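Before anything else, here's the structure in question.
Chain IDs A, B and C follow the sequence of writing; residue 1 opens each chain.
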Amino acid sequence: MSEIVLETRGITRDYHIGGGLFGAGRTINALKGIDLTLEKGKTLAIVGESGCGKSTLARIITMIDAPTSGELLIDGAKVDITKKRLDSEMRRKVQIVFQNPYGSLNPRQKIGDVLMEPLIINENVPEAERRERAMAMLTKVGLQPEHFNRYPHMFSGGQRQRIAIARALMLNPRLLVLDEPVSALDLSVQAQVLNLLADLQDEFGLTFVFISHDLSVVRYIADEVMVMYFGEAVEYGTRDEVFQNPQHDYTKTLFAATPRADVESIRKRLAAKAA
Amino acid sequence: MALLDIKNLTVEFDTAGGTLRAVDGVSLSVTEREVLAIVGESGSGKSVSMLAVMGLLPWTAKVTADSITFLGRDILNLPPAERRRIVGKDMAMIFQEPVASLNPCFTVGFQIDETLKMHTDLNNRQRRDRTVELFEAVGLPNASDRLGAFPHQMSGGQCQRVMIAMAIACNPKLLIADEPTTALDVTIQRQILDLLVSIQAEKGMGMIMITHDMGVVAETADRVVVQYKGRKMEEADVLSLFENPKSAYTRALLAALPENATGDRLPTMVDFSLDDAPYTGARP
Amino acid sequence: MATTNTKDPNAAVGLEGGTVIAVTRRARLAEFWYYFSQNRGAVIGLYIFAAIVVIAVLAPLIAPHSPSVQNRGAFLLPPAWETAGSWSFILGTDAVGRDLLSRLIYGARFSLFIGVVVVSVAVSVGIIVGLVAGYFRGAIDTVIMRMMDIILAFPSLLLALVLVAILGPGLVNAMIAIALVQQPHYVRLTRAAVMGEKGREYVTAARVAGASNLRLMFKTILPNCTAPLIVQAALSFSTAILDAAALGFLGMGAQPPTPEWGTMLAEAREFILRAWWVVTFPGLAILITVLAINLMGDGLRDALDPKLKRS
């Protein structure tokens, strides 16, 4: 049995809304008891539509927000950010890449500074070494050394996403949370970024939590799949289990709704139309 | 007969960095009862060419073409405002962001009423009945109660249904849908696509579906135009496009679909030796 | 979007695939100038303002007379082009025989000094308070914003008057009072901008990298909030000059014989009917300066606010 990098036990998250001058507020259960375990080097895909709680879960796993109840274990160690401020050792274990490549980079920060910032904050390394490591990471994600001194607005969406991935990897994390990392990208760029992620996973033995609404991407990249619906994990298993034998009605609806781009289904559609 | 026929359309933008050619010599036509999909990635000029036809481009745009005819009428040489008036009734457009396409200050019923007032001579009573009828046609439950709803009280899918109702209010001959489901969830996307296709078939409209999603193309189109960097790369009926793509670009696009993946890496543009492939990075 | 910083009207077209444009600092300056110079009024304002700055700096060289020397033989002399005028006192003299032109030239120094001091005090206090309010929210935000509401509830000149009455009349106290009255505007602007930026993903990303609150506030968020603050600073520069002149006019600002424009107006009050020039010229000086700065501020807004950039 290999090491467990991420484990959650009964994670819930409630939001209180309203409760102003008149009337009591409402409580929304964004997450209703999520249990999962993830081994080193594996990819867990979390699938669901907007408002299902997948991004809330991502923020909890990344230790940005605290769960209302339940336990979060990273590398077997319990984490509770409400009780104790995270030390940099814990902080660096989990990093995140966001969906929108245009919002996730500080427009006033050069690419080099974007990459060196995590090192300045967390490690006491000399300037020259910082620069060298940032430069190495930049080439690793497929950009050129001359991009080091440029600002984010000079890059395309796909390039920015590479930069965001490079930033997340600067601290050598164990776990990378990818929140819809390719949904804002073009098809051809999406393929490049997915390939890059696969390369990096092989090289560094990274563990991925891959959040997506796109089933074809999930089917391609995931080892395990969790389908979420209104804060609940309605389906959780290996990729082949979930895709070949979905149990829950919602999962079946989701699969049926996904557009198919294969010749067979086009034939079927055209035949139905002609009839 | 061709509903809309475009010959050699070019759209250029004057920018401080020189002239940028967004659409480069594109010809296409769509006939009655036909769904034409224009597929391409961002920057392929797929939306720009349709905006040019509707006269909705900013003043920095320079539009030239050999001819643009709609219902056999030349619309190329009309001033944009007049073109919009003529085109507005028989050609309708729906956009990507349904919530942003509706005016948040007015009820959805009022907004459809406005459209009817502009293009028809129905009286108050008839317009109201027509609006209810339209809401029912696009599958909005409790249609008569919905008239008083504001856009923010509806979900994205419902707003897109309202947009479709508004677009078909005057029984247009041609419906242009610009990425109509990109902002929606998968299950909602399915409903909206089904709705669009059934309305198109029922009314015998022509439809142009602008999209980047090969799945949407496969599910809706009769004929497909593939665009890349402002140029038309390929035009084919949907089955032969997927079965036997002619251009290298189309082959690359289809290969990049994760569901078509064979190995543990996806083929990218470089693997298809496109002379002006987009930036790919340092792949081994 | 992708191209807020390039003069590309085709942001909607959004060229993917990496046409990387090498934009240097100089090119960004050129772009700023492009948008700024679209506004003709702003350019005129800039030239006038630059001229005023030059005049103020070189006052001892340009001024034909000392601003405080009283010429016995020349009380209330009209401007040179009037029949009784003299070319040695181009804009005439005041009631005690001081050359009006020289006093106006030296007065430019005071006005600019007031503007600079007031704006820098108001900006620095306002930014820090607004940053704290917008970043931490909660009770601290409520307390700060209610205090700002109280300050804003007073007519600004009245509040400045009260403050000067408490602190005692004088140029320095007047500047402190005006700065205090202006600072709520900066607090509100900064707070709104910070609240907008705080939810952005790059801020979350910096936090995930372990950035402390101070670092997030000053290094990550603040640099992205500067554009509206610069515009506000330019516009309140003129308000500061105007308010200082008003306080001077009411005898609460700079004290005679300081050649401050508002104070000069106050001294000239009793001669309005007999000698038009002693009130007209200081009034014109204030008008032109304030107008020039306001025009310039408008141009700055055009150039710095991406939402107003025309395609």
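Please note the rule applied: a contact is a pair of C-beta atoms (placed from the backbone, for glycine too) under 8 Å apart; a residue touches a chain by one contact, two chains touch by 3 or more.
What you are looking at is a predicted structure, and each value in this text was computed from that prediction instead of being measured.
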Furthest chain, CA centroid comparison against subunit A: C
Pair joined by the larger number of C-beta contacts - A-B, A-C: A-B
Between subunit A and subunit C, centroid-to-centroid distance (C-alpha), Å: 47
Inter-chain centre distance, subunit A versus subunit B - centres from mean C-alpha coordinates, in Å: 31
Residues of subunit B engaged with two or more neighbouring chains: 41-42, 278-279
Junction residues of subunit A, two or more chains touched: 156-159, 186, 189
Sequence positions of subunit C contacting 2 or more other chains: 6, 15-18, 21
Residue ranges of subunit C touching subunit A (in the complex, touch as defined): 1-6, 15-23, 200-202, 204-212, 215, 220, 223-224
Complex contacts: residues of subunit B adjacent to subunit A: 41-42, 185-190, 193, 201, 212-219, 238-239, 242-243, 252-254, 256-261, 264-269, 278-284
Interface residues, subunit A side, partner subunit C - complex: 62-64, 86, 88, 91-92, 94-96, 98, 100, 102-108, 117-118, 121-122, 147, 150-151, 153-159, 164, 167, 170-171, 186, 189
Residues of subunit A touching subunit B in the complex: 49-50, 139, 141-143, 156-159, 162, 186-192, 194-196, 198-199, 213-217, 219-221, 253-254, 256-263, 265-267, 269-270, 273
